[in-house]
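Each structure below appears as structure tokens.
Across the two complexes that follow, chain A remains constant while its partner is chain B and subsequently chain C.
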Partner chain A sequence: MQISMREVKPMSKSDQTIAVVGLSGRFDAHEVPQVRQALMQATNRTKGHVVIDLGGVNFIDSSGLACLVQGMKYCREHGADQILCNLQQPVRIIFELTRLDRAFKIMVSVEEATTALAA
Partner chain B sequence: MPTPKLRLAIITTHPPGKGSLNEYAYHFVRFLRQKEEVGEVILLPDALPQGQTYYLEPRQGHAPVRVIPCWAFGAKDNALRIRAAVQQTDPDAVLFNIQFATFGNRKVAATLGLTAPYLIKRAGYPTIVLLHNIMETINLRSAGFAGNAFVESVMRFFGTQVTRLLLKADMVAVTIPKYVEILESKYKATNVLLAPHGAFEDTPQPSFELPPGPIKILAFGKFGTYKKVETLIEAFKLLQDDSRPPLELVIAGTDSPNAPGYLESVRRRYADVPNIRYTGYVAEQDVPRIFGEAAVVVFPYTSTTGSSGVLHQAGDYGKAAVLPYIGDLAEVIAEEGYSGEFFEPGNPHSLATAIARVIDDPERRRALGQQNWRASRGLPIAEVVDWYLLHFETLIARRQTGTARRLPAT
Partner chain C sequence: MSYEDYQRWKTTPIEEQPALSIVIPAYNEEARIVPTIGAIASHVSSLGIPWELIVSDDGSKDRTVQVVEELGFANLRVLRAQRNEGKGSAVRRGMLAARGKVVLFDDADNSTPIEEIGKLLEKINEGYDVAIGSRAARGAEEANKSLVRRIMSNGLRWIVASVFSTGAHDTQCGFKMFTRDAAQRLFRAQTISGFSFDLEILYLANKLGYRIVEVPIAWVDAPGSKLDPTKEAQRFLRDLVRIKLNDLRGIYANA
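And now, the complex of A and B:
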């Protein structure tokens, strides 16, 4: 799995930075430790919100979902928010099957997510 | 301002109660009370026999557990009793950890009990039902719930109505994707979700070697309905010959609540078969030893009524499994990465052959044990609990955005 991270500063009254973590490839138990670490780093570095771009993820299993749940909890514990975006069809199906699509904030694109977080 | 912590009620069986799903509840509650966002767990189990009490040790940093035994297996007024207990304790949300025979072995009691989630939802509490089996995949006749085709069709009709009632809960969680598919297609349900069963123990890699002494063949569970040991004992007789090291058959567990007296009748019937040990009820602290000593775990099922907690335990302890290739069990095996030797249900020769393939081949035994251990590592129940908390938070938040704290059921 490939993981990228960048920071964006949306135009808003607050000067808070948003971390955008991009994931691509297969997201299963083997990838969880590095993704978990990346999400924690993203929250710690920006002290703020995290957008996870799942556009390149073509498979996710229960361990991957659990990792995102943990990421959201970690964000919340730090007073921040986490938004997922760019879900591909196979990944979206898993979110719908587990109804986690109702628990996560999910948006279409990184731009939409960062705009929502900056508002 | 800090977020108020959740007060969650759970309707379930729980050790030392011996009802089905007690073990699952034990582990679920164990991890639930360790979660930061949980302020109190209100355990609403069935009443214990006289002289027994529930005891959950208070632990530093863990949420307190209040135990209110409020229903009785087989009673017809369980739903009302449960509703009264929920209203009295007024939790933020309610979880039912149930299957179709949780509330009784008679049709009326079992059915009336299953109306409880609907009543709780009607009373205005966010409600999730964790349903471990569904009527559509139970072979009612071989599971011992229906004696003939007419009774079976009547039961299926009522089962359908009860399922409709259960689906009135805010959410219904099941552990097998096929169940989601069935409930969505047959009932047009939009509130069913898949939640993994979860691995009970966060154990280190077990030893795949055997202790000295006889080779132990283990059957673990609650016996008498669809888990019957006669075929296993017949197979065990076939396996005990001079060509093998000494064997021991360990039948660990109790009668199913739906089949009182079953194991005693088996014990009498097979009194002449040597090297069989009936352990009776296995206390939680003895479970690791019982599994650890076994060479193979056998599933002498004639049918299944849901995913198997025992299979997950066999995986936790790195044990090879011998399984009937039927129903849900096959589904779990295929979908969760478990493996084993398979036998034709009810056929002692087939079962003996399957067991022999494991115990006569240490390499095969170890390979199966390792595969099952890896499969059981899938997702610890501690993380599954987080999913439920997330769903509860979503439900509660959804309600709080409404005008009233509690909304009437739809």
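And now, the complex of A and C:
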């Protein structure tokens, strides 16, 4: 799995930075430790919101889903928010079948997510 | 790939004979099976053919049966089993219950990405009776396989190649496709209920003159394997002998 991270400064009243974490490949238990670390780093570094771009992920198993739930909790504990975006169809369906689409904020694109977080 | 195709498959029972049946054997898979079903349903619904999915439970002690039934998919059947008899038993029940013109069995952990199905379908359409996913064929990709499993796999492959003429280098990959005729005939003759059933099926397929092709596929060693490699290797070697003895005793004569 490949993980990328960048920081975005949206045009808004606050000067808060948003971290955009991009994941690609198969997201299963083998990948959880590095993704967990990346999500914690993202929250710690920006002290702010995190957008997870799942555009390159073609399969996510229950360990991957649990990792994202942990990331969301970690974000909230730090007074921030996490948004998932750019879900491929198989991943979107997996979120629906596990009903986790109701637990996460999911948006179409990184731009939509960063705009929502900056508002 | 269209979301509407998936929605239609999920909600509308197919009336004609399915072009394809997919069988997933499952034992205590409540945590892993739903994402696998999601990935399969998403990809296969987009192929534009009528198809059905069968989850063949192997006497799970967890909520595998309930979580699958709760999905409520129109073209998904769950076969229940009273007790745990082994993967071979679950696959056999699923393959014999399948209504498709072509039947694939696939592991519950999605260790072979379902996107690989097209390679096997292509071979069946070319006239092969049995198309098997292979981690040993040239061009295959294996990921995350532990050293122990790697050594054991290679050792067993060497023994199988030396003793048996199955026509395959990798007999154990859980991604195999059959024509309906081959599936019905081979799985009716199957005697082994455990992990080595694949070997018996391929041995029989070869003996009965079915056209077999090995297709290189991508494969990921999904975490949470329920196999104890040492015990399974011992059982595998015992089953090798058993298959040979079965043949010598004429047990496969009526296949």
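Before moving on, here are some points about what is shown:
Basically, the second predicted complex is superposed on the first by the 119 of 119 C-alpha atoms of A that agree within 3 Å, B and C clash if a C-alpha of one lies under 4 Å from a C-alpha of the other, contacts with A are read in each partner's own complex, and residues count from 1 in each chain.
Everything below uses one rule, namely that contacts are C-beta pairs under 8 Å (C-beta built on N, C-alpha and C of every residue); 3 or more make two chains touch, one makes a residue touch a chain.
Keep in mind that what you see is a predicted model, and the values were worked out from it rather than measured.
After alignment on the shared chain A, the placement of chain B and chain C results in a clash.
Legend: residue contacts after superposition of the two complexes on their common chain; A:R102 is shown touching chain B, with no touch to chain C. By the touch criterion defined above, A:I93 lies against chain C but remains apart from chain B after alignment on the C-alpha atoms of chain A.
Of the two partner chains, chain C is the only one touched by A:R26; chain B is not.
Within the superposed three-chain model, A:I60 lies in touch with chain C and out of touch with chain B [touch as defined at top]. When the two complexes are overlaid on their common chain A, residue A:K73 makes contact with chain B while staying clear of chain C. By the touch criterion stated above, A:Q41 is placed in contact with neither chain B nor chain C. When the two complexes are superposed via chain A, 225-233 is the only one of 207-215, 225-233 or 243-251 in chain C with C-alpha atoms clashing against chain B.
Shared contact residues on chain A (touching chain B in one structure, chain C in the other): 29, 62-63, 65, 97-98.
Contact residues of chain B toward chain A in the complex are 36, 171, 177, 180, 191-196, 377-379, 383-384, 386-387, 390-391, 393-394. Here chain C touches chain A in the complex through residues 1, 3, 6, 31-32, 34-39, 41-43, 71, 109-110, 113, 115, 144, 220, 222-224, going by the rule given at the top. Those residues of chain A that touch chain C in the shared complex are 26, 28-30, 58-63, 65, 89-90, 92-94, 96-98. On the chain A side of its complex with chain B, the touching residues are 29, 62-63, 65-66, 69-70, 72-73, 77, 97-100, 102-103.
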